[in-house]
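Chain IDs A, B and C follow the sequence of writing; residue 1 opens each chain.
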Amino acid sequence: MPIESDSLVKIRDLCFSRGERVIFDGVDIDIPRGKVTAIMGPSGTGKTTLLKLIGGQLAPDRGTIEVDGLNVHALNRRELYQLRMRMGMLFQSGALLTDLNVFENVAYPLREHTSLSESMLRKLVLLKLEAVGLRGARDLMPAELSGGMARRVALARAMALDPMMVMYDEPFTGQDPISMGVLVKLIRQLNDAARITSILVSHDVEETCAIADLVYVISGGRVIEFGPPRQLQQSGSEWTRQFMHGLPDGPVPFHYPAPALEQDLFGAAA
Amino acid sequence: MKTNKTVEILVGLFVAAALLALFFLAMKVSNLGALDTSETYRVTARFDNIGSLKEKAPVKMAGVEVGRVSHIGFDQARYQAVVELAIYKKFDQIPDDTFAKILTAGLLGEQYVGLEPGGSDTYLKEGGEIDVTQSAMVLEEVIGQFIFEKAGERKK
Amino acid sequence: MTGWLARLGAGWIRAVRHLGRALLLLLRILEGIDELIRRPRLLVEQLFSVGVLTVLIIAVSGLFVGMVLSLQGYHILSQFKADSALGVMVAASLLRELGPVVTALLFSGRAGSALTAEIGLMKATEQLSGLEMMAVDPVRRVLTPRFMAGFLAMPLLAALFSALGVIGGWFVGVGLLGVDDGTWWVQMQARIDWHQDLLNGIIKSLVFGWVCTWIAVFQGYNCLPTSAGVSGATTRTVVHSSLAVLGLDFVLTALMIK
């Protein structure tokens, strides 16, 4: 059982199912403070669901999730919203508000939760945009941004309230190599400069291993293995090796379960 | 995207236009505008039978609307209908021996109070009473009377 | 046989569950009104997209419905030499029935479907989740202003529809067919009762506004966050709203007629 002395997020015996499908079946995860922790696994293992559970958008069937000593699902709505102000989340699509321009999108959480003067607000927003390199794009609408730029704006927005942790949902999916490189650099930089805790959900092995301090591999509703990325790459587990090196066949079969080919092709005639 | 100011102006225009439409419907289309009681004086008239006369029915003189029926009551002592008429103040020269009868607009139309002027030199005032009245024509009674007369003729 | 019964039962359970979920959502929407009082700007913005953008279709439809009513009514009424009652007929049908009902049907097609699509797309593109993670309640911020704007806009739109209908009817009846102008208005004022006709019509459109917007925001908020989910929800908004309006219209009319 993973025990860390100083962990920001503690997940114990997490069970969650959607309808008939069991997504988590007794998961324990510890996210250490100030580090980049990656949660990896094949598509459909509920990595995004895990982030939603941590953010309190979904409630588990069993088990507890503690963030900074608070049990997320025992909080009332007010307390939960207080906690969320200290969390940032970067959605896969960016989730920018489409009817506001870049500047207003980043300013949105500040306008909602603080009563800063307009000039103070402007300075803060421009600083946040500068950090992601998009100060010049402040007047563009979300529809005019490329996918990578939208994610950077969303990152600036997630950082607007100086959160203690940021959750990244598949930040590298569908990015060209350049913007992928920019995002990898940004995530590491923001984590170290602002001393925040980063939780990264991804199935892009190479990029994730480049920045993560700690990697959890989950599959079939359980944690398969965890540890620093280098350790996992030399893992003895066949499954982990298949995933980390992207081998087409192994414990995860290439073929979807089916009757033997001969029987399928010629069985009907026989 | 529209600027904030334009949005506000357009929403303001929308609400104003809709309220104007509501005002138009209330005052010009429905009878709310015609119920202004400050510009009227009340007189009463007693009828033996008012037929299907209703409140707010017009009061007409020579075909021109001069007022409205404001209230219909019943006198238990004399078993008569007491009809209160609200006459517009600008028609202040209606003789006090005016004759009131209940008429029907068209064959199937609504009933109204028709006034026929008398020859008196004094005029109706607030609280005055019209003494001479003629009841509504009730179709069944008229037909009944007609059949009765025919039957009488045949007996002779 | 049992399979058929089981399916029927499951359908009923699903419908009841839907209704319960919609009711709970409505309660949460109404809970957010205090925020709307503090920030009326949110309401103004939504009145623009729900109200102002719907005015054109409402105005044009009202005008033409009034003109057609007048034309049709004249040919029937003049056979009985009762064309003096044309104004009454036009105004009564507009105020009592056509104003509230046709406005509600057009509203659900124009504004209701747009509301569902907008909210559904915000859900599909994770904007609602994004708001939640920014500690902003999407029900209060997104649904409450839209719901209240629809509820308030409906009677205003219905009033515009009826008023323009009367004017359209007047244009055809008096202007083209030669009904006497004085008779038109005097007969109308004598027979149209502000309580029985006008007020009841307004009550109807308030109820329709409530129900149509409720259906629209619920379908948007509850849809599957995919493009098929959003388009299905948009269709359901129009179908459910239209059926609800016609059904409720019968019930309300039965209650109102004494």
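The rule is short, and it goes like this: a contact is a pair of C-beta atoms (placed from the backbone, for glycine too) under 8 Å apart; a residue touches a chain by one contact, two chains touch by 3 or more.
Just so you know, these numbers come straight off a predicted model, no measurement behind them.
Taking the mean of each chain's C-alpha atoms, the chain whose centre lies closest to the overall C-alpha mean is C.
The interface holding more C-beta pairs in contact, when B-C is weighed against A-C, is B-C. Centroids built from CA atoms put chain B at 77 Å from chain A. Centre-to-centre separation between chain B and chain C, using Cα means, comes to 36 Å.
Look at where the CA atoms of chain A average out and do the same for chain C: the two points lie 43 Å apart. Counting partner chains per residue, chain A has no residue touching two or more of them.
Taken in their complex, chain A has these residues touching chain C: 52, 55, 57, 77, 81-82, 84-85, 87-89, 91-93, 95-98, 108-109, 112-113, 154, 157. Partner chain C is touched in their complex by these residues of chain B: 2, 7-8, 10-11, 13-15, 17-22, 24-26, 28-35, 56-58, 65, 106, 110.
For chain C in complex with chain B, the touching residues are 44-45, 47-48, 51-52, 55, 82, 91, 95, 155-157, 159-160, 162-164, 166, 185-186, 188-194, 197-198, 202.
Residues 122, 125-127, 129-137 of chain C are the ones that touch chain A when the two sit in their complex.
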